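In what follows, subunit A forms one complex with subunit B and a second complex with subunit C.
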Partner chain A sequence: MTTTNRRRSTLFLVLFAVAVLAAITVAGILLNGRAMESDFARKNLMPCLEYPFGTDWMGRDMLARTLAGLSLSIRIGLLTAAVSACIALVMGIISATMGRWADSVVCFCIDLVMGIPHILLVMLISIACGKGFLGVVTGVALSHWTSLARVIRGEVMQLRQAPYILAARKLGIRRWDIVRRHMLVHLMPQFLTGLILLFPHAILHEASVTFLGFGLSSEQPAIGVILSESMRYLTTGKWWLALFPGISLVIVVLLFALLGERIRLLLDPASAQE
Partner chain B sequence: MTMTLQANNVTFTYRGRHGAPVLQNISLTIQSGERVGLKAPSGRGKTTLCRLLAGYERPQSGQVLLDGKPVCGMRGVCPVQMMWQHPETVVDPLLRLGVTLSESGPVDRRLLEELHIEDGWMERFPAELSGGELQRFCLARALNPATRFLLCDEISAMLDLVTQAQIWSFLIREAERRDLGLLIVSHSDSLLEQVCTRIETLPV
Partner chain C sequence: MQTKRIASLMLAAVMAAGLLAGCGGQTSGQTPATAEQAGDRDSVIIAMDTNSEPEAGFDPAFGWGAGEHVHEPLIQSTLTVTNPDLTIGYDLATSCESSEDGMTWTVTIRDDVKFTDGEPLTAEDVAFTYNTVKASSSVNDFTMLDSAEAVDDTTVVFHMAKPFSIWPYTMAIVGIVPEHAYDSATYGSNPIGSGRYILKQWDRGQQIILEANPDYYGEQPKMKQVTILFMEEDAAFLAAQAGQVDVAYTSATYSDQTIAGYTLAAYQTVDNRGINLPVTEPSVNADGVATGNAVTSDVAVRRAINIGIDRQEMIDNVLNGYGTPAYSVCDQLPWYNPASEVEYDPEGAAKLLDDAGWVMGSDGVREKDGVKAELNILYSNGDSVRQALAADLSNQLAELGIQCTIEGVGWDTAYDRALSTPLVWGWGAHTPMELYNIYYSPEDTGTAEYSPYSNDTVDQYMDEALASSDLEESYTLWQKAQWDGTTGVTQDGDIPWVWLVNVSHLYWVRDGLQIAEQKIHPHGHGWSIVNNVDQWSWS
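Moving on, here comes the complex of A and B:
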């Protein structure tokens, strides 16, 4: 009985994390208007009951700004992680099935991208794409696929030698059908876990690139923008401007990491009971 | 029409085992209609020879020919099919057995009945069948209409005697009906004497 209960509590944690993240995303979209609203009658308020996260130097509600920023981060994270994971899947499969030459090319690309520090690469691509939403998404998506691509390449190479794949090939099944029917199903757990574990990286890099001024433009309520602006007010004692948005970002990242970890536990047959 | 499966002076070394070939200058010929027994102590390359004959591996020297054409590069359903020692590794654990079986095209009803394969199995996953049931299943899949040679690598070692007898009597009947060539690898001398028309031993 303990085993089913454990599995159920894992499932419950997963659902809880998904619900919280979805709630933040929706709330952020709905509060986008309020986050922009400035009112100089209530500027620089300490956290209180009416404004739990306080207000900033333009009298904007920090709770609304934080939620809108997180929501934007989560949406960017989802998009970039999905694009990145798909690139990884395609590259991994190409590298492992298209022969030695394709493998060397893909491995060279992986080494190349991995060799440059992430944050530098994200900044360069973002600048090249004209900063803003497009720049950040392209930058993060093009720099995060490498490690997952390696995992998938290794997995496909192992699968290729599996007797049931060899047997299917002897029965004249075409290469593409083998990839579709036999390999993709086996790659799903790795792929999904990799995808979810990409979120925290994507979100953090989006925030840091924006913080450094190479990402989203400053009128958007992004977490990176909030943090970089509040830096200037920290020294004058307005600690709440950076503290609450920062903590919220860490919590969202932890939630995603927890989600990925639990989903891996659920999908991996070796640990399905935990 | 008689066909010939032939290994000519094949030498094979597994990658990473430098200088220690598993097989050295081995030749073996099987005609269709023949049932050739193969015996050798463990680790002398019986399975490796099967893998070479079925075209899973390429020999470093020598050739494996089916009617004069190399087996390795054949397209479509290979006329040489191999039965593996462990059936549970040869079926995709995440696919229903019906899907796996359909890879061999529509399978003859008579074949399924003679192998006692029940319809209900098609909806199941490999983990839900026993080794013997899976082995019969693999046999049905390997007996594609295009198959002319069947290499049986210890296919009955883990079965009970009744199932062994059923499988072998079925295989002999089927081989005679379709004029198949069989290569039978086994450690059991009595089995080989009972089933085979000719017995070969791998040189030490």
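Moving on, here comes the complex of A and C:
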């Protein structure tokens, strides 16, 4: 009885998190026009009923800007996490199945990317790609695959010694077919969880790199832009410019973390029946 | 495992938030070395913006005083100075004449001037300085000078490569260095000059302390010690709030605040902001860069923009009222042509557009021959004033039926993009050369440097102005280049640039400090304020 309840509540939490994130994403897309709109007649307003998050120095609605910013972050996060996870999957499998030489090349790449401070690497790639949307996406996508690739490599190494894989090999099944039919299925829970847990990192790094001025340009409603702009107005007492967008970002990141953990619980055979 | 992961992610999120929050305040930790000293009334502490710190030191050959943001070099003397009304006066010079053809300038100098190491300043030093800056200046254009030569101890002759009537304005910013004690590697951090102040101490990234030169040949400075702190805007504000500085630069963002014991002082500037409007049809230049713009190539559109924008509204909205409307790149300077000024006339602007065939569409956007009246206005990323000006401009143009988007760009791409797209620029210098830089089209390219434009008559007036042997007369020619009654760069002329506002320079000034009368400040919110710090006083 308790197990079904636990499973059900987990499922409910997952659906709730997905619904909230989807709602933010859609609302942000719909509010994008409003977020860009400036009206100097209503500049620097404190949070009020009409503008719950207040307005900034150009009279832009901070609620619309925050939602649009989060939405943009989530979409960038989706894209980059997906790209990163795919790179990780391919690299992990290559490393573990193609022999020692391929393994050392992949491991070298992983060490190389991990050896450079993350935020610095994102900045460098972003600048090299001409900043903007493309720069941020490429930067985040090309720097986040390493830890997941390691996990997958380890998993595949372990699988290779598993009796059913050894049996399959003895039966003469080709290497690629073993990977496709026996390994990928087994890797799915790890992969999906890893994918979702990449989101928070991707989103935070997107926000940081934009905050530091190496990402999206300053009229874009991006959360990093909003936070860096708000810094200039903190000393004059305009606390609402940083507070609400900052809290919203933390909430979104936590929701993704929650989502990843719960999905792992549901998918992982070891815990699925708890 | 699971709780650990959640905990680590939460930590990461909190740390990231902390990191973001921490970044703004990192510069506020500076402590001024000589905070308020009671009873010490012949010193002053000034907070300046961090970009004002001269990276290469106090060497005129590497931009000190004569860089992008011109100001008096204080530590060194100059041959001439600009007067409060921006005409030319003398510092070291006692006379200054150009030959009839403008190819030589003969300057005689005082014979009673000594460098702070005791050696006399002679014409040799002057010639050496100019030959050095010509050879090594990376920030200033000295191509008009061929060479400088000392004829005797007090006479120096400049041989020009081409006539350059406004040479006295260049002489006003080049500090004279001692030939016997000049080493380009060390001079910047260890300057010897003959000016009003001596560099006593320089803590890189923090502060500069200047002390009055006891042997100064002119009137003794009233301020014996000047300390300049380099801080971010918010740190400067907090320093004033804490009473640690006597003068702190600030901006319109802070202008609605009050600090007890301080007054907000606003100085008029020619630190203007304006947009370029490419006058040619879209095409691609020899370097493969897109130039020209289908909308702004119509002179009616450019004229409509010039009279269809309410500059005062921009000043109130963006600058909290601290600014003046701008009508040219050189408002109120001796070479300014008052014909540049226009009245705000939205109906007139609409009529201009109607007459030119820009028909208002049902969506509120005008259209002519299938071309929609749409503009993308660029501004430099991270500059909140330019961004707000671009946004306000875009709102105002929407009322005229010209739909605008705004886009932040970095300076690495901005110059190329501006050839086809309006960009919010900032100009304003104490020399008419700026008109030349913006509007003149050299023969080899046939187009002005920053935005496609060329007008032979305008070019001719500027050539004549530079060739003129009389400075006063050249002012008239510079004015004619702007508008001569039939053609020019003003509303009734080609109007290739529309000027928006002059941004007033704002400072928190401690009560009791008398800041001497300021010249119209040029572009750059830095050293201009201390041009005459020697005449400041406490009451």
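List of remarks:
Just so it is clear, the second predicted complex is superposed on the first by the 272 of 274 C-alpha atoms of A that agree within 3 Å, B and C clash if a C-alpha of one lies under 4 Å from a C-alpha of the other, contacts with A are read in each partner's own complex, and residues count from 1 in each chain.
We adopt the following convention: a contact is a pair of C-beta atoms (placed from the backbone, for glycine too) under 8 Å apart; a residue touches a chain by one contact, two chains touch by 3 or more.
None of these values were measured; they are calculated from a predicted model.
Steric overlap between subunit B and subunit C is absent once the structures are superposed on subunit A; the two fit side by side. In the superposition on chain A, contact of A:W176 is made with neither subunit B nor subunit C. By the document's definition of touching, neither partner reaches A:W101: not subunit B, not subunit C.
Once chain A of one complex is fitted onto chain A of the other, the partner contacts of A:L204 are limited to subunit C, with no touch recorded for subunit B.
In the superposed model, A:H186 makes contact with subunit B only, not with subunit C.
By the document's definition of touching, of the two partners only subunit B reaches A:L166; subunit C does not.
In the superposed model, C is the one of subunit B and subunit C that contacts more residues of subunit A.
Angle at subunit A (Cα centre) between the Cα centres of subunit B and subunit C in the superposed arrangement: 150°, in steps of 10. After superposing the two complexes on chain A, the shortest C-alpha to C-alpha distance between subunit B and subunit C comes to 24 Å.
By the touch criterion stated above, subunit B contacts subunit A in their complex at residues 54-56, 75-78, 81-82, 84, 86, 89-95, 99-100, 103-104, 141, 144.
Here subunit A touches subunit C in the complex through residues 38-40, 43, 57-58, 131, 197, 200-201, 204, 207-208, 211-213, 217-220, 227-229, 231-236, 242, 246, 249-250, 253-254, 257-258, 261, 264-265, going by the rule given at the top.
Every residue of subunit C that touches subunit A in the complex is listed here, in rising order: 2, 5-6, 9-10, 12-14, 16-17, 19-21, 23-24, 233-234, 237-238, 253-254, 256-257, 317-318, 381-382, 384, 387-388, 391-392, 394-395, 406-410. By the touch rule above, subunit A contacts subunit B in their complex via residues 162-168, 170-173, 181-182, 185-186.
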